[in-house]
Amino acid sequence: MVDFGIQIKDLKLKNPVTTASGTFGFGEEFTDFMDLNKLGGIFVKGLTLKHREGNPYPRMAETPSGMLNAVGLQNKGVDYFINTIYPNIKDFDTEIIPNVNGSTIEDYVEVTEKLNEIEGIHSIELNISCPNVKEGGMAFGVSCPSAIAVTEAVRKAYDKTLIVKLSPNVTDITEIAKGVESVGADAVSLVNTFLAMAIDANTRKPLLSTITGGLSGPAIKPIALRMVWQVFNAVQIPVIGMCGIMNATDAIEFILAGSTVIQIGTANFIDPQISVKIIEGIELYCKQQNVDAVSDLIGAMVTK
Amino acid sequence: MKRIQDFKFKEYKWLNYQNYILTLKTTDTIAEIKPGNFAELKIPNAPDVFLRRPLSVLDVDHDENTISFYVKIIGKGTEKLGKLRGGDKVNVIYPLGNSFSINGTNKALLVGGGSGIAPFILLGRELKQKGVEITFLIGARTKEDVLLTNEFKKLGDVLVTTEDGTMGQTGLVTHHSVFSEEFQFDKIYTCGPDPMMKAIAEIAVEKGVDCEASLENMMACGFGACLCCVVETHGGNKCVCTEGPVFNTKDLAW
Amino acid sequence: MVDFGIQIKDLKLKNPVTTASGTFGFGEEFTDFMDLNKLGGIFVKGLTLKHREGNPYPRMAETPSGMLNAVGLQNKGVDYFINTIYPNIKDFDTEIIPNVNGSTIEDYVEVTEKLNEIEGIHSIELNISCPNVKEGGMAFGVSCPSAIAVTEAVRKAYDKTLIVKLSPNVTDITEIAKGVESVGADAVSLVNTFLAMAIDANTRKPLLSTITGGLSGPAIKPIALRMVWQVFNAVQIPVIGMCGIMNATDAIEFILAGSTVIQIGTANFIDPQISVKIIEGIELYCKQQNVDAVSDLIGAMVTK
Amino acid sequence: MKRIQDFKFKEYKWLNYQNYILTLKTTDTIAEIKPGNFAELKIPNAPDVFLRRPLSVLDVDHDENTISFYVKIIGKGTEKLGKLRGGDKVNVIYPLGNSFSINGTNKALLVGGGSGIAPFILLGRELKQKGVEITFLIGARTKEDVLLTNEFKKLGDVLVTTEDGTMGQTGLVTHHSVFSEEFQFDKIYTCGPDPMMKAIAEIAVEKGVDCEASLENMMACGFGACLCCVVETHGGNKCVCTEGPVFNTKDLAW
């Protein structure tokens, strides 16, 4: 038996395979297709203090080996999550990890304080990297001082495992990672989507209502993999890797580059059963390669 | 319950150079499908088509275990889906979305254009079964684009408009005399290009009848996971894939 | 007849279609396949002061809708170019534009001074964005002060059209673009390749000898398009756009986003005749859309 | 002169489950091809195979206007290339690279393993035509992997080694008794996995004979435009696609 367990402070995962925020709803959307109890964890859709309508339509465009989205954090607010959604999903035998968003530091802190009260929730993911909102979001994640400021404030308000989700739209992602580590982040997750755009040559219009949106999918996997590798070598805290993971091989590459946990995003849309298949695929790989614990693979890329 | 299921390519019926009916078969059973439901197909042999493609269910045969779609070629996904060969497998997620409401309808006008007419077979059949009197009003650019009328004739009256006057009345569906004469319908169902549906929705308001429209939209998942597929309603942004695709047009703020 | 002419100071191009540095050799490699005289211009392989061996093998890996390279500016030095290569290509009726590289500002200046003497050359492209060299290259392009410093020095040494090639591996590309504009760049070209990497899960080794390399191709087109649009809106000088242009539609999207000239890179490897096909495709588009001059399309994306 | 030319799929000859000979046909003429030359094929129906794939030319028939390749399936490109159907077009850039040098050779030993044996048909034919005496030494893991020997027998003697001893001598090619007996050859040509070629190159030094090896490499273009495909030589990095793929092993610093 391969040892699959992962622990990041209070957060214990039965395996390193989780689903990425905004790509897995609140889990319930997938219960017809798969057994949620098999997952290491579910990073649920981004939450804000108040209800948000998100951006106008169109919010999606397909690009070569990827997609653009401009959802803009549509959600009914953290209270609705706590009172109405969480009770339906809390009994699944998997970690539910809320994704925390805000326009101001106060917003972030207030959302965090509410989540800090929920016993069954052992971790939050601080999203300072959403490219699809006018205020806050990525603005916090692309400057080191502001990334530190918001992380520090949230850290004070949160007792359990604090994961900070980083933006790829920066010159040096290790600088931001080290910054948030220095003020108490327990892990970093990377990366959020890349700021990008698409145009319809015939109509001459952008394909998204917001002109720019976030690029996800295998197209940018090589860039994300590089960032995971860089951050793994720069910080002491665990790295949670993602971007374009479509199968077990991709997941293993992210682990070899330094990911303790991996998140599956866009792939869930194409195959809603992919996360379970990836768990099985990693297990098979470990057996074939005589790896006893998946944690032995973390950062195990051979570089000489 | 939604399913993810493998089908095998069974056959094409090509209606013209850019429209075809695709029939898929399974050895398994097929889940219950309601009029208005759609499916998300993974296009085979097309690794460059990244996401699934949503298609309304045209027809389903629970004895033969077949499901069919009416597809209009508009880009690479719909093109590649028209090039399947014997043995090809097609993975389908279905049934998705809500369905048309039928209760309380006595005399229904079904207004469609283009590939929008796909849901009208299942809808027409159910309406007919419930004893509803049906009139189809089909709009097209030219005669060659007026499709499926034989199927519709089995279910009710069929009216046609063509922009070039080669069949039925000349002009757009909204110009059809059915709207200028005394209006005898208590419900309009519409499906097709947005501008057409909007115009029909306005007429419905004028005539004081209920109108349901089935919307198309850019979808990444089709089952409520991504929140990409919204339409603005008077109650805020709603997901077309879970709260639609069928909306009462009075709720839409489009 | 569609008006195809483009002028950027001393640089006159018969059409906006050029080939990207490092993807078109010195032009001669393509003469069996196409008529070089049809091209607006050829950005030739990166030049350095001295002969460079480049990086060890392997230097290339395929990725979803893209490729990684780690060539590392292999070239025989600027003197060899001037004395041995340029004489063979100077009589083609197209603009030959050298791509200038260096490890230090002095290197850049020295290469530039040599090229400044060549009468038939009306422009140089200053590459401050190569991700595949240990010293210089991208290091200059990812910090605004150093981008300004090298541009300023080269500007003093160069009398004709100075194009500065920007790196996408930055938080805010408009800042760098404005910086180099402020010290006399006549145009900016964007973008160079994205720093990225790939791993073979079976051997656990990176696919490039240098671990990281540069990602090019359609995978990253949406990011590049966004950068072109941002820079177009931020500077007064012309923008030369590229990244993942595989066909005329892609080229038109780059022009609509704000490119005065476009460069074709990786696509040349897959179809060595693609640049000519793209010229024809743009012409057809202009005719179909009743566009009299291709310059009318520059930045003509409809945003309301 | 290099050409970029469309061919049509003609036929496969499957040697075993992962090796096939692909023959393509054109209505046009075929350019002159020298032993050692290779081609870059755009894989049809495979938009996920981004770049072309390099393959040595196995054979060419200027009367029939056919060209053929010996392909070993190792990944998605070589797999998809094995699934062509009647009517499929294959775009080919050729002839690429240099070729083996033949002048001055009297008695040649051609040592190959795996898909590396592809250039040996054209090479063998040209050597034979020039009156050179030829011996092939083919190494494989097991009997089933020893391919094309019938073709080689038409051109010269054929020696075989298999790792499991199911055919010829047991062991690697380098263990073959031809190397322990008095060495009668004045030239070695080798083609196959790198470790094999390196071992053969060492033997060549020992025996004091000239050795040419045809190298494989990750190539983005195949015609000198990208500089991705280098091999280290005593004269610095050389492009395998233009200055190779054939190198005299004494020049290589591998």
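Per-chain numbering from 1; labels A, B, C and D assigned in written order.
Rule of thumb we're sticking to: contacts are C-beta pairs under 8 Å (C-beta built on N, C-alpha and C of every residue); 3 or more make two chains touch, one makes a residue touch a chain.
Treat the numbers as computed from the prediction; the structure is a model and nothing was measured.
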Chain whose average C-alpha position is farthest from subunit A's own: D
Centroid distance [mean C-alpha coordinates] between subunit D and subunit B, Å: 56
Mean-CA-position distance for subunit D and subunit A (Å): 47
Rounded Å distance between subunit C and subunit D, as computed from the means of their C-alpha atoms: 36
Set of subunit A residues in contact with two or more other chains: 63-66, 217
In subunit B, residues with contacts to at least two other chains: 48
Chain contact topology (line, ring, star, complete or other): ring
Pairwise chain contacts, counting only pairs that touch as defined: A-B, A-C, B-D, C-D
Residue numbers on subunit A that touch subunit C, as the complex places them: 63-66, 68, 142-143, 169-172, 194-199, 201, 203-206, 211-212, 215, 217-223, 225-226, 229, 244, 249, 252-253, 256-257, 285, 300-303
Contact set on subunit B toward subunit A in their complex: 1-4, 42, 48-52, 93, 217-232, 236-237
Touching residues on subunit B, where the partner in the complex is subunit D: 45-48
Residues of subunit A defined as touching subunit B within the complex: 22-25, 29-30, 32-33, 45, 53-54, 56-67, 69, 71, 74, 217, 266, 268-273
